[in-house]
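Take a look at the structure set out below.
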Amino acid sequence: MATVGLSKAFGGVTALDSATVTFHHGKVNALIGPNGSGKTTFFNCVTGMIRPDAGRTTYRGRDITRKPPHRIARAGIGRSFQLCRVFPRMTVLDNLLAAVQPSSLAGQLARAGRREETERARGWLSRMGIEHLERAEARQLSWGQQKLLELAGVLMSEPELILLDEPAGGVNPALINRICDLVRELNAEGRTFLIVEHNMDLVMSLSDHVVVFDRGRPIAEGPPSVIQSDERVLGAYLGV
Amino acid sequence: MASDTHTNTDSDSASPASPFLLELDDIRAGYGRAALVLRGLTVQVPAGAIVCLVGPNGAGKSTVLKVASGLLAPRSGRVLVDGADLTGHGPQRMLAAGVAHVLQGHSVFREMTVAENVLLGGYTLRDKQLIAERVEFVRDLFPVVGERWTSLAGLLSGGQQKQVEFARSLMVKPRVVLLDEPSMGLDPKATGVVFEQIVRMRDAGTAVLLVEQNARRALEAADTGCVLDLGRVHVSGPARELLADPQLGELYLGGRPARR
Amino acid sequence: MPSTSLIFQSIVLGVLLGGLYALLAAGLTLYFGVMRVVMIAHSAFLILAAYLAWYAHRETGIDPLLTLVATVPLFFVAGVAMQRLLLTRLRPATLTMMSVLLTFSVALTIEGLLGYAFSGTQRRIRLGYSSAGFEFLGARIAAVKLIAFGMAALALLGLYVLMKHSRFGQALRATIQQREAAQLLGIDTDRIAGYGFGLGLATAAVGGTALALDTTIYPSLHWHWIGPLMAIIVVGGLGSVPGAAIAAMTLGMLQSLLQLELSTTWAQTVFYVALFATLAFRPQGFFGGRLAQRF
Amino acid sequence: MAPSPYEITVGIAILNYAVLSTSWNFVGGFTGYISLGHGAFAGLGAYGTGLLVTKAELPPFAALFVAAALVAALAVPVGYAALRVRGASFVIVSIALVLILLLVFQSWASFTGGSRGLVVPRPFPGMLRSEHHRTFYFLFAALLGVALLTWWIIDRSRFGMGLKAIREDEDKAQSLGTPIFAYKLVVFVVSATFTSLAGGLYALWFGDLDPVFQFSILSGAYMVLMALLGGVRHLYGPLLGALIVGYALEYSKVEYGDTPLHLVVAGLLLGVVVMFMPDGVIPAATALLARFRTSGETSIREVTAAELKERHGQGNGTDESEVRNSERSGSGG
Amino acid sequence: ASGCAGGSGSGDSSDDSIVIGVSLPLTGDFSEPGKGVERGYKAWAKIVNDKGGLLGRKVELKILDDQSNADRVVSDYEQLIGRDEVDLVFGPFSTRLVVPSARVAEEYGMLFVEPAGAAPEVFDQGFKNLFYAAPAVANDHYNHLADHILALPAGERPKSVAYAAMDDPFAQGTAYGLKEKLEKGGIKTVVDEVYPPNTTDFGSIAAKIADSKADMVVGGSQYQDGVNLIVALQQLDYQPKMAAFSTAPTEPEFAKAIGNKTEGILAPTGYTQKADYPSNKEFVERYTKQFGKAPEEDEANAYTTGQVVAAAVEAADCASQDPECQSKLIDWLRGNEVETVVGPLKWDDKGRPQSAHMIQQWIDGEIQIVLPEAQKEADLVHPKPAW
């Protein structure tokens, strides 16, 4: 996936300033940067939740700029939200079933939750270790369980590219390890990741490629080891 | 481990003039009709100390703070502030008694400006001079607060909102402060500022009850640690000792993720 | 083509009418923008106030304006009670939708009780000065209409000052947006939210009395008012008191002018046309804040 | 004894309510958009049918379906405008729709008959009145059957799952690939069509149309009340609500006929439902039953981190990392 | 229709009395006149029963409330006829409610005499069972006034007229009846406004009328809208030479409602307490005793309805739902004249009564009959003094 000159301003605030970045297919990419540097806005522009003022986004060579969000999702890009979002009054299982997107009209009217679908959903739940919660309503889960559920929902829709916005925020460290393992596993299965995170340990250990944002534009990119010693990054972000 | 309710700090035998600024004694609490969240939990915070609560998601950490600040009335047990029994009093009374609480997650007033948010932090203050001083202080501490002074708080990024929230809480100088994951979503620089302020508060004699998922970092700053699980205190003791315990590390604190 | 004097007369009438609309819409916008409550019962309370003024006048002969001394505090208390007893118990997640239904049920109840007490007959206060009027630049202004306008303007001004420039206003908005956080800052949220609601209802008391001076009232009249008022607050931008006032004046005037060429019924459609146009081109309203579209 | 014509008319009234509230529930139940103005579509269906019969001289039942098709077509732009806005604005738009149509049908007297109303000729001219009622009783029942069936099909379909996701969180649903706007619009049109069919059938049965009654907010409010009372998430919720409300209205009319207290009854009923059982009778009853059956403190899970680790370690633990990570216990309560 | 035993057997509810079903708008928009009609019916039943009943049987009224709602009125008559099996029915109030209920009655083959459906469309529906129990249909209410105006010398005749009518079949019918005749006589229409029944603000309409400076203003009004319109006209200081309003000016509250500025206002009426028809004296006297005040037009029309039905029942010597009996009643009314409190009534084949309304005018603070010549109590004042 690549963006060229993506820009977005809100009133007087420039959230994205002609950001041109490329992320690699099949890798775990990370996006870091200080608070307010435009990371979430970048996600929102890429997934069509807000319209960029200028610039283009391409995904595997195809232009997806200004497509409505559901089209982009169907093109294979799934995302999670910074403040995790699940369907609060649906059961955990239904949360996953709702992520299945039929393409044909007959598919729309077909019964939801057929055997193989349910099996697949259960599979994801057990990989997340929350299979026993299948019948609970999502709002009853704690913060961390909701994070796992959201991730499972994203995976259920079978995206090739997965955008995660602060997957570790507010999550117990022991659980963070689990998420890391999962990302690695899935990456090994061939999925591409783009992760926004402030937890440096996680970013450095997990990612293959790191992009650093500051004030809406990339200031550095490269493998974690390089980034860690980049002076601009140290100044702008790590505050050293 | 039911009986494992524990006094954390030095003296187990509280003298009549309690050495603890905040004391939660054998608290049982829950939401609405639902089952209990806290099942007989005791936490004590002395003046000039940081007590850090860690534990899995859903263990009841936030609930402890809500009970302490009067947002949630316990079903049984006592809440003591400086020895005075304030069980069942609302947040206003608790605030008057010097207990301030910073909520977990996003609690800025989204449709008010950053300025209004910060000024509301000093709602209970009457002294104009004092307010002005504090505003100056927090604007220096968090540049974003000054830069976005007149924009609506709801339009800030997630981390910026957290910064505004923390700044808002610095407007008053309480005797006991309850912090619920103050570093969540903050970049390393802001996290540093926040921990620095927490330590300063302690040094100024404020009692701090801190909840953090950034457990290792928090325990490094804290004097005492409490591990919560399933609404009970699982283990408690000097923070350094907890950090060193390998079993706790595995279960609750998370090891450093292995490098690839 | 209507004569210029007629046009001028219509403009005068439009301004007078718009003033009243502005006051009533301001009350609605208060609950709505500040508290996320769609108060369908606002106009029912309006009619209730009008009935109280009418009834007091009929029974004792006192001037309806004097009833304000009683109705304003009464409505304020009723508002506080309604907020404390009913609205606080709704789930925050579904507050907006459920408040529509809850206040709808209040409106029905008020209408039913009014009908029970006073029957469905149309009523009108008989004042010595009902038909008095004076000349103003060639147009005639009825005394009662001017009084109503004056009341509306005063109440509106007071409301604006209170909301913008008092600690109460800020605390109210904070309460609505993040109740727990507001509590933790030492704000007595229950009391504040109750006061906010009471304030809204107090405007209904003023508006209702003003309304009773010069029109007929009957229990189901509130349906007639709710549509235009809702349209006004959407056009003005949900939650913006000045926006509601401007929209009210504009639409009131337009309605009055359109009546020159169209029948009264068709002229009323101007509110709905404006509503749909607003939603099509500027869903957040023409004067509302930037966050308004999220309602 | 065979039911008297009067009893059949009460039955028809209740069936009509049931069809209307079930139709309403396509939008209200699936997407959570509360339309207080659904009476407008019933009124349009009724007037459409009536006008097509009288002005265009279509056969009655052809007119019914043509009118429904026209209403469906009209629902597209209306839905387009209304569904762009969420929450409160949507409610306002829906109310405005009724009020504007009331004004139009009142003012445009040359076409609609205005306040004088419109008389729709009987579809079966020679039929005895009691026969007429009986026939329509079955027609309404059939329509209700079709509406329920449609609701059921949608409810269990993936389409329905998408709609429910929209009810919970539109942005999230969209990011998962649900075309939210199209979904909402489709279901809105379906709902309008059924509502219009109910209105049209009513026009053929009843014969006299008056804008004040056809375009009344009250009728929309009754639909909401009935659906909410029964439970919007259940197939039979609106039907149950219609039975209760229809009976209550008839009862209050018979008992307190000469006062406007029926409004108070409806108002209080709505208030009680909203305050105390916003999910409706069916879930409230199930919850009550459940409380009797299971006792006291249950939570989703009550295991500590250590126990959990244990379980995962020996259970379906996948690899070494699984052991390490354990995971925080579920909700403690 | 349900076949009960004809002849002596009545409904099964009360063995020997004649049960008469009525649905009236006791609540809702038409509740006020609805209650007037109710009083008229009750007065009638009491007077009849005091005299020993009809055909030697007591009459008993069964009155339901239709909430001014067409749905209800139909189900009410359905209930009365189909379930309660009443022997006879009387009509409800208001044109809007008369048409649907007349249809129910017709489909059950019942005689339907009604006190309130004066608008022309009532009689265009082809009902064979319907009779209007009042002197004239709405469009004929102003006939005497129209004749009078057109007979005035050209100099005195108003040259322009402003009409404002409520969008209601009855009210509009009165104004348009006059309009049609005056226009035919060459008198110009300068304003023609129609307002919906729930209008409360008459400022704009009054402004238009005042601005037109019409010589005459005609209001096709019910009660309150007429009052409002007059007050609004007075606020604008509009002084026509002639002002006529239907319904409102004849109401007892009228003078007080507009602050006693009533001079010269004209109104048609179908009933006066002073009329010296034989049954009227008895009616006024007994009604006043029963209710403590004199009857108005609504009450009188209801009473008339009772009188008409009673006359038919006595003539046909039967009172039951039996189709044969009902058609006897209908046939008798088709061919005969009935003496009532509003004078002798006769109907054409559509059920339209064949008399005319009187015209009254407020003179010296009192409303007096001025037209037609034969019945007048005072001379018509023209031009009208300022109000």
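Chains here go by letter, A, B, C, D and E, matching the order in which they are written, and residues are numbered from 1 within each.
The working rule: contacts are C-beta pairs under 8 Å (C-beta built on N, C-alpha and C of every residue); 3 or more make two chains touch, one makes a residue touch a chain.
These are the chains along with the protein names UniProt gives them: A, B = ABC transporter ATP-binding protein; C, D = Branched-chain amino acid ABC transporter permease.
Remember, it's a predicted structure, so these values are computed and weren't measured experimentally.
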item: Chain pair showing more contacts of the two, D-E and C-D; value: C-D
item: Farthest chain (mean CA position) relative to chain E; value: B
item: For chain B paired with chain D, centre-to-centre distance based on mean C-alpha positions, whole Å; value: 47
item: Distance from the mean Cα position of chain B to that of chain A, given in whole angstrom; value: 30
item: Intercentroid distance (Cα basis), chain E paired with chain B, Å; value: 79
item: Sequence positions of chain E contacting 2 or more other chains; value: 27-28, 167, 196
item: Touching two or more other chains - residue numbers and ranges from chain A; value: 11, 88, 141-142, 144-145, 172, 174-175, 177
item: For chain C, residues contacting two or more additional chains; value: 115, 120, 263, 265, 290
item: Complex contact set, residues of chain D against chain A; value: 153-154, 156-162, 164-165, 168-169, 171-181, 300-301, 305, 312, 316, 318-319, 321-322, 324-328, 330-331
item: Footprint of chain D on chain C - complex, ascending; value: 32, 36, 38, 86, 89-91, 94, 96-98, 100-102, 104-116, 120, 219, 223, 226-227, 230-231, 233-234, 238, 263, 265-266, 268-269, 271-272, 275-276, 279-280, 283, 293-295
item: Residue numbers on chain A that touch chain B, as the complex places them; value: 10-11, 13, 33-37, 39-41, 82-83, 141-145, 166, 169-177, 180, 184, 198, 200-202, 204-206, 237-239
item: Contacting residues of chain E [partner chain D, same complex]; value: 26-28, 64-65, 67, 69-72, 74-75, 78-79, 82-83, 95-96, 99-100, 103-104, 107-108, 119, 121, 125, 167-169, 196-197
item: Chain B to chain A touching residues, read off their complex; value: 55-58, 104-106, 144, 148, 151, 155-160, 162-163, 181, 184-192, 213-216, 250-260
